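Chain nomenclature is as follows: A, B and C, assigned in order of appearance, with residue numbering initiated at 1 for each chain independently.
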Amino acid sequence: MASFWEYANPLKFMRTTDWLLPIVAIAAVVVTSIGLIWGFFFTPDDFRQGSTVKIVFIHVPAAMMAINAWVMMLVASLIWLIRRHHVSALAAKAAAPVGLVMTLIGLITGAVWGQPMWGTWWAWDPRLTSFLILFLFYLGYIALWSAIDDPDTGADLTAVLCLVGSVFAVLSRYAAIFWNQGLHQGASLSVAPGTRMDWAYKAPLYISMTGFGLIFLALVLAGTRTEIRARRMKALVTRERMA
Amino acid sequence: MGLNVRDLACARGGLAMLEGVSFSISPGAALVLRGPNGCGKTTLLRTLAGLQPAFGGEVDCPPEAIAYAAHADGLKATLSVSENLQFWAAIYGTRDIDTALEQMNLRALAGRAAQNLSAGQKRRLGLARLMVTGRPIWVLDEPTVSLDVASVALFGDVVRHHLASGGMAVIATHIDLGLPEAEILDLSRFKARLPEFGVGDFNEAFL
Amino acid sequence: MIALLMRDLRLAFRAGGGFGLGLAFFLILAVLVPLGIGPEPQTLARIAPGILWVGALLACLLSLDRIFALDFEDGSLDLLATAPVPLEGAVSMKALAHWLTTGLPLVLISPVLGLLLFLPGEAYLWLIVSLALGTPALSVIGTFGAALTVGLKRGGLLLSLLVLPLYIPTLVFGAEVVSRGAMGLAVDTPLALLAGITAGAVAILPFASAHVLRINLR
């Protein structure tokens, strides 16, 4: 079997994703559609929350991918720092905007869900606060990438930021939990979906989660391909200038 | 004991600038680098100084032997001439700044704040910094910018004195420093070949 | 190494060094907040711990870009990187100089500002203790941010965007110490966590800062 690291070669990556990307993209659309249509139209209304609960089929997968995207960026950054594979650094760069949007979707659907359920668009609940902080980390990471001209320098600096940011993001998460327990006892409004749900909900939810995972994969592959092309274009332009 | 450079390649901004650079200098010798603007003189000097990694080849010299002086002198405007020198002397673990003040003709200006020096005087202070490092190999990037004729001669004397006491120097410059014994290396012949791009070959874009 | 610290301190105290800028900002904030919120002592007393901590944080932020930017512009950063001092040590010294010129004065002046904001009497001790324990982390984290953005165009704005999220844990635990102190509750847990973050940051972040500094210089 070919080594996994072969795919870190730009040419090999481009050739593989030439045929892989369409498959992943189609699979993402199909699986997500099944999950969402099943979730929206073929599940019973919750006896307490009514049909509002069905936003869970977008909310939970988006929130999950928001965290997974950061974890993927962390792994890709480590691979770049240790093994210097350019594709890895560019994949981390491509994943950031997707993670940012997933975080935003999670926050917005959460607000839309929370309004009828809790009577408020926003609460400084630890989980909500953590997501808002994650959003800020994504913003900083993307801003740093866009501020640096030299691609390798950008890859190095953002990788270190991702590493340090991950530690502080975890610290912030615990700080948020601690903080809200500290003075406002028992104000936790968070509903932990999945814990009280039966299979009528679980099945479409898992399908939807898989779909979102595939969407993420497709977008990251497409984004990485774009970054590789942009990098090549830059090299060609430099070459023109030097000739 | 000297500085040996073998088959060195330097890159800037992800693009190879120079390749196949080889030279060696032994104690008491100086090397003058020449070449048109943008040919990679600064890149080569920064690679020698260890500020950027070599893209290929090797630089062989004793550890902690190189003192680097860039375009900018690294002076603090609100510190006096002697305070500036004392700081660098302390960083390099040397004590004596008097010799440097004397040789660069800065004695009379010792108490003046660096912001009140003329451009040429600042440059002389920047070069005096080299002397307090106590390091044998000087790597100098356009050291005579904004120096008048007398100061250039003064600088030439200092370099010659440094060489006479067993030091070495690699100097990028356009003007004649009055160092007839210095070897001259024209960098334009080491210009890196442009990478050939095949159609759809994505590997070439990454160094 | 000590020479570097002394030089940075000397530069900060000389004309144009910017010493006292953060302090003045902290003071202005403590004056503006009551003007915006209203003069009721109960309201001010309730928000005083948070306002003082956020104020200290922003005052620290104000002078961060000076840590490396000036040395980068005049070339001394290049020279420092080629000097025989380890860059990790140089970075730590720069962070220490920043703390001595920004963090420490904030700690010392904070009780006066607490007075302006009607901070409850029990909280003064904890205000000073928490700031004394927390501001070194602010300087060290800020030095990392400054090292990341040195030499970038629009670096100052980016610096705030990068550093402020990293300040969150310190802010949360620091303000918590003061709030609990004000209510007469036990403060040992947040205090220990605050000290832990500071100790971790001081021990580890200089390595990351030196690493990104080397990348930025090449």
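One rule holds in what follows: a contact is a pair of C-beta atoms (placed from the backbone, for glycine too) under 8 Å apart; a residue touches a chain by one contact, two chains touch by 3 or more.
Since the structure is predicted, the reported quantities are computational estimates derived from the model, not experimental observations.
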### Task
Examine which chains touch each other and state the graph shape they make (line, ring, star, complete, other).
complete
### Message
So using the touch definition from the top, which pair is joined by more C-beta contacts, A-B or B-C?
### Response
B-C
### Message
Based only on mean CA positions, could you tell me how far subunit A sits from subunit C in angstrom?
### Response
32
## Note on the structure
The distance between the C-alpha centres of subunit A and subunit B, rounded to whole Å, is 48
#### Entry: Computed distance of Cα centres, subunit C from subunit B, in Å
37
### Query
Hey, what residues on subunit C touch two or more of the other chains?
218
### Task
Would you tell me which residues of subunit A are touching subunit B in their complex?
9-11, 13-14, 86, 149-152, 228-229, 231-232, 234-236, 238-239, 242-243
### Message
Residue numbers of subunit B touching subunit A in their complex, please.
### Response
13-15, 194-195, 197, 200-207
### Message
For a test of understanding, state which residues of subunit B touch subunit C in their complex under the given definition.
### Response
46, 49-53, 64, 66-79, 83, 86-88, 90-93, 129
#### Entry: Interface residues, subunit C side, partner subunit A - complex
144, 148-149, 152-155, 158, 161-162, 164-166, 168-169, 172-173, 176, 179-180, 189-190, 193, 197, 205, 208, 211-212, 215-216, 218
### Query
Hey, which residues of subunit C end up touching subunit B in the complex?
2-4, 7, 10-11, 14-17, 71, 73-85, 217-218
